[in-house]
Amino acid sequence: MLFIVIHQAYELWFKQLHHEVDSIVAIMGKPALNDNSPELQTVVHRLNRCVTILRVLVHQIDIMETMTPMDFLDFRDMLRPASGFQSWQFKELEAKLGLKFETRHGQEYYTSQLKPHHVDIIKKAEAGHSLLQLLNSWLERTPFFDEQPNWNDFTSHEPLDGVHPFWSEYRYQFQQSLAEAEKGNLAAFDQLFLAKENKPQGLTLSAAANRAALFIMLYRGYPLLQLPFQLLNALLEIDEQLSSWRYRHMNMVHRMIGTRIGTGGSTGKDYLKAAADKHYIFREIAQLNSFLIERRRLPVLPQAVQQRLGFTAA
Amino acid sequence: MLFIVIHQAYELWFKQLHHEVDSIVAIMGKPALNDNSPELQTVVHRLNRCVTILRVLVHQIDIMETMTPMDFLDFRDMLRPASGFQSWQFKELEAKLGLKFETRHGQEYYTSQLKPHHVDIIKKAEAGHSLLQLLNSWLERTPFFDEQPNWNDFTSHEPLDGVHPFWSEYRYQFQQSLAEAEKGNLAAFDQLFLAKENKPQGLTLSAAANRAALFIMLYRGYPLLQLPFQLLNALLEIDEQLSSWRYRHMNMVHRMIGTRIGTGGSTGKDYLKAAADKHYIFREIAQLNSFLIERRRLPVLPQAVQQRLGFTAA
Amino acid sequence: MLFIVIHQAYELWFKQLHHEVDSIVAIMGKPALNDNSPELQTVVHRLNRCVTILRVLVHQIDIMETMTPMDFLDFRDMLRPASGFQSWQFKELEAKLGLKFETRHGQEYYTSQLKPHHVDIIKKAEAGHSLLQLLNSWLERTPFFDEQPNWNDFTSHEPLDGVHPFWSEYRYQFQQSLAEAEKGNLAAFDQLFLAKENKPQGLTLSAAANRAALFIMLYRGYPLLQLPFQLLNALLEIDEQLSSWRYRHMNMVHRMIGTRIGTGGSTGKDYLKAAADKHYIFREIAQLNSFLIERRRLPVLPQAVQQRLGFTAA
Amino acid sequence: MLFIVIHQAYELWFKQLHHEVDSIVAIMGKPALNDNSPELQTVVHRLNRCVTILRVLVHQIDIMETMTPMDFLDFRDMLRPASGFQSWQFKELEAKLGLKFETRHGQEYYTSQLKPHHVDIIKKAEAGHSLLQLLNSWLERTPFFDEQPNWNDFTSHEPLDGVHPFWSEYRYQFQQSLAEAEKGNLAAFDQLFLAKENKPQGLTLSAAANRAALFIMLYRGYPLLQLPFQLLNALLEIDEQLSSWRYRHMNMVHRMIGTRIGTGGSTGKDYLKAAADKHYIFREIAQLNSFLIERRRLPVLPQAVQQRLGFTAA
């Protein structure tokens, strides 16, 4: 009884999460978001609701843990191989957010655990526009750097060919801020933010999108960037809650069945552990923190850009 | 959508809570519980599971709070008068635990908000053996004081007529422990623990049951009393979580609709606030703490009683 | 040992809370806040940090609850009358936020429990500019309604003499939205939002401030109002966490000493319960929800005002 | 200011944790614990208090996360190399619980980050009797299997030479319960529970101790085994909270400084991640779940043993 109720409760909340993510994807999929409309605010609000729901889902594991391992063992036999741990709805959600099959840990094991028509549903979700892709497009549309006249007075300590003066300067300051042992980080900077190719191997965001995201983090104090910053932050929160869920789930399984073979026919913990580590969806956003600099080094923006980032009459 | 999913999730967990409480009532309703069987342990385990579920229910209010007041207002009109706030399943649960109609706050308002056949279900639950009643019977069956030979060597500083020597002594020590301004508490002690009548007006436990419960709290260090103590504690936790639920629910309603008339047709907050204060079910157990004494005053039990409370061969 | 460590931990966090509140008061006390500067963002960020700290303080009560009532009883005698429950630092914090002596529950009891020089510190905090007062001034400075040309095209269904057309119209729509049993709320509306006197008896915000706050809640979707809305929300969160703290503290005391006289020489729970109910500091902000209307009734703002609330070039 | 207050709060609670663990070690270090005395109950109570304190410590990370990465970066320079992340008090606590230097991840890095006299304190803690060692001795003293007459009537399906009939039978039932792919687990069973040598390489509990612990988990329903079971459970909770702490700490550091070199001069996250995985102290207790069997296979204990595990007169 308890086992069934818990799973129904999870399915219910997954349904709601799908509903929220679908509506977010619909808004983010528009060719342009009007900064003065409440659209972006709606996106942030709904992402934060997803975070709240995920927190409750993580907490619900407490209830599952009131089952004793021996209760669980009796149960295991009844379930195999359609495992309760392999919720296709959860995987479909991951796919909508942006997790690709290629990135998943244990690909064969993963499909072998699901019914074919569930695999189809997940593949279909992967084929659509994921939130990660739409985020990439939205970030790429950021207009500030293309408005050349605004940057006329801005000079860099070390201008680089074919690089916007702001980013030449930022790269210079970043280099200055590196400790001896960190010097290698400059190559990573160049790959993430200055790559010429569209998307370097293994990355999910383009250099232009990464630049926009870093700019948002750096200058979040300006009115126009506050909501975009909250959006990036909400995405990181979602990743963190998904990760907490996988992690607590993993510990729970370990407590219940130890290294016994899971209801899915393979060692649950090993699989879940590897998955918990690899399945960060917005990890490039999370990595941006590696490229921040001390506040005192932060380039002062030209007046025209500052005005651009502010309110009309204030 | 969100509103509906939240309510389905609540109904699901209420169903599980009923399942747990029914099974607990079934065990507690047996003519005798064998201390060496795992029955009592099962009761405690399931009560603790109820606490865990209630904690998740309280947490779920966070999700409801992601709705803005104006969203809620639109919704309110659709719901009246079958109010979402008046879950009959919750009330049935309160009834099974031991809350009586006479004790409920706002009795008329309360019934006017429910459909007649739901009122019937709740009345039926009230008519059955509640957990509170079964607790009373179980406590009354406590055998230690009736085993007279064990107490032969025990003497009281102030023997009272018709009162067991242990309780004469405990009353004496309690009186000594009272500060000047607390002297009035002695009358309350006599009413709760030494009343001759079966159950004094307004009380839900008999004097014999109250004595047993206090004894359990005082001597919980002895092996035989450990599980009984955990049982009492779990009941207090349930009351506390029910109270948290009513309290957070009340604040949420207040945030959402202020002093607007609730979906039930009357000011939600005032009703809920009064209910939150009055609906403690095991409040006599909670009050026992008023009658504890300092550890150094605690009467030493006779060897025979101590042995009675211990393990066979240890 | 545990008791002492808990109290040191509380004092530590109170010190940090004072530090945060002082810095917030310093910013809010400036003659004007520039909407394009990060000042308001700093205020919101620090208020939210206060909320986070208060949440941990509430959680810390769990640790205190690991003491058994009898441990506590032994302890009680050592403490009286300088009671651990009567933290003057907590009271000083309440005073800085805006709680006045006149509003406190049990005024005599309250001062009798504190050392004279602590009372002086609290009185001094009350005498300064509280966050509540600064909030009132900041709200009163809201400029939109005074910019008359922007409202030229706006007409009300029921113009009122000496009342801004927007508020005439809003009052009309509010009246339409009231259910039969709610008609009395109109008088409350007039008192809170249209009063001519500066601050009607018993209120802590002026009519102008209340109007600004309601406007922020209604039109929070516009960029310029997003941070102000988050500020109001953070204040409500602070009140809610303070209330949770008082509530859980109250339950803990009740669990520990029942109706025994508290370490302060009077029944702890009764005092704390009344205090928990009366000490909401930003309660007029909380009450604004009573005066919202359905989204479909919300007056459409003139183009000029909408532009005023948006970004420069977007 | 915030950074300092947070660290003072952590030091305060670490001090309390040391106080609790020292008192637990003192009790567990006695040559024998009387099952009828409250000693074991005190141990369990204090272990659970440690769990409660650790939970608050985990929650406190929320406060640290209200610092922005750029705030943190400014700070980092001031701290190096005496890193705030390398609390020697935390490491001393791990040592008292039973973590050995050899087991620690990144041994060189680890000592290079601490001041020599702190390393000495930790080494001293490692040299003393750890809780893990005392647990091993306490489990080894379990008397039930040595009381031969009690087992006269007990027969095994597959008696093994030099193995107690109960464990011969349990091994048989365990073997029956293994799925095809799990057959390899039998070798692990033999190594953990039937090894002749004192402590097989890499293990921290002897075979006799492991047998006692598994017996406690299997027959926890019997009165005498309830507290021992709660003790094992509390140890697992402590490991889980320590793990949560390392995990959230790791995520927080990652959020703050990305892959920048930590205040300790090396990549914080990589170190912390590996540490979080390797530092489970009571992992052999956690692994016992791998060796449970379905309830229906559980050997019925002889009457004499059942009586031995029960209350005197019940």
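Order of writing sets the labels: A, B, C and D. Residues in every chain begin at 1.
Keep this in mind: a residue touches a chain if its C-beta (ideal position, glycine included) is under 8 Å from a C-beta of that chain, and two chains touch if they have at least 3 such contacts.
The shown structure was predicted, so the numbers you read here are calculated from the model rather than taken from an experiment.
S.K.: Relative to subunit A, which chain's C-alpha centre is the most remote?
M.R.: Chain centre farthest from subunit A's centre: B.
S.K.: Counting shared numbers against all numbers at the contact of subunit A and subunit B, is it over half, same, or under half, different?
M.R.: Subunit A and subunit B contact each other through largely matching residue numbers.
S.K.: Would you kindly tell me how far, in whole Å, the mean C-alpha position of subunit B lies from that of subunit A?
M.R.: 45
S.K.: Indicate the whole-number Å distance between the mean C-alpha point of subunit B and the mean C-alpha point of subunit D.
M.R.: 35
S.K.: Can you tell me which residues of subunit A touch two or more of the remaining chains?
M.R.: none
S.K.: Contact residues on subunit B for subunit D in the complex?
M.R.: 34-36, 38, 41, 221-224, 226-227, 306-308, 310-314
S.K.: Which residues, counting only subunit C, touch subunit B once they are in their complex?
M.R.: Listed in rising order, the residues of subunit C that touch subunit B are 69-71, 73-74, 77, 179, 181-182, 185, 188, 217, 236, 240, 243, 247, 251, 254-261, 265-266, 286-296.
S.K.: Which bits of subunit C are touching subunit D when the two form their complex?
M.R.: By the definition above, subunit C touches subunit D via 1-2, 5, 8-9, 12-13, 15-16, 19, 45, 48-49, 52-53, 55-56, 59-60, 62-63, 66.
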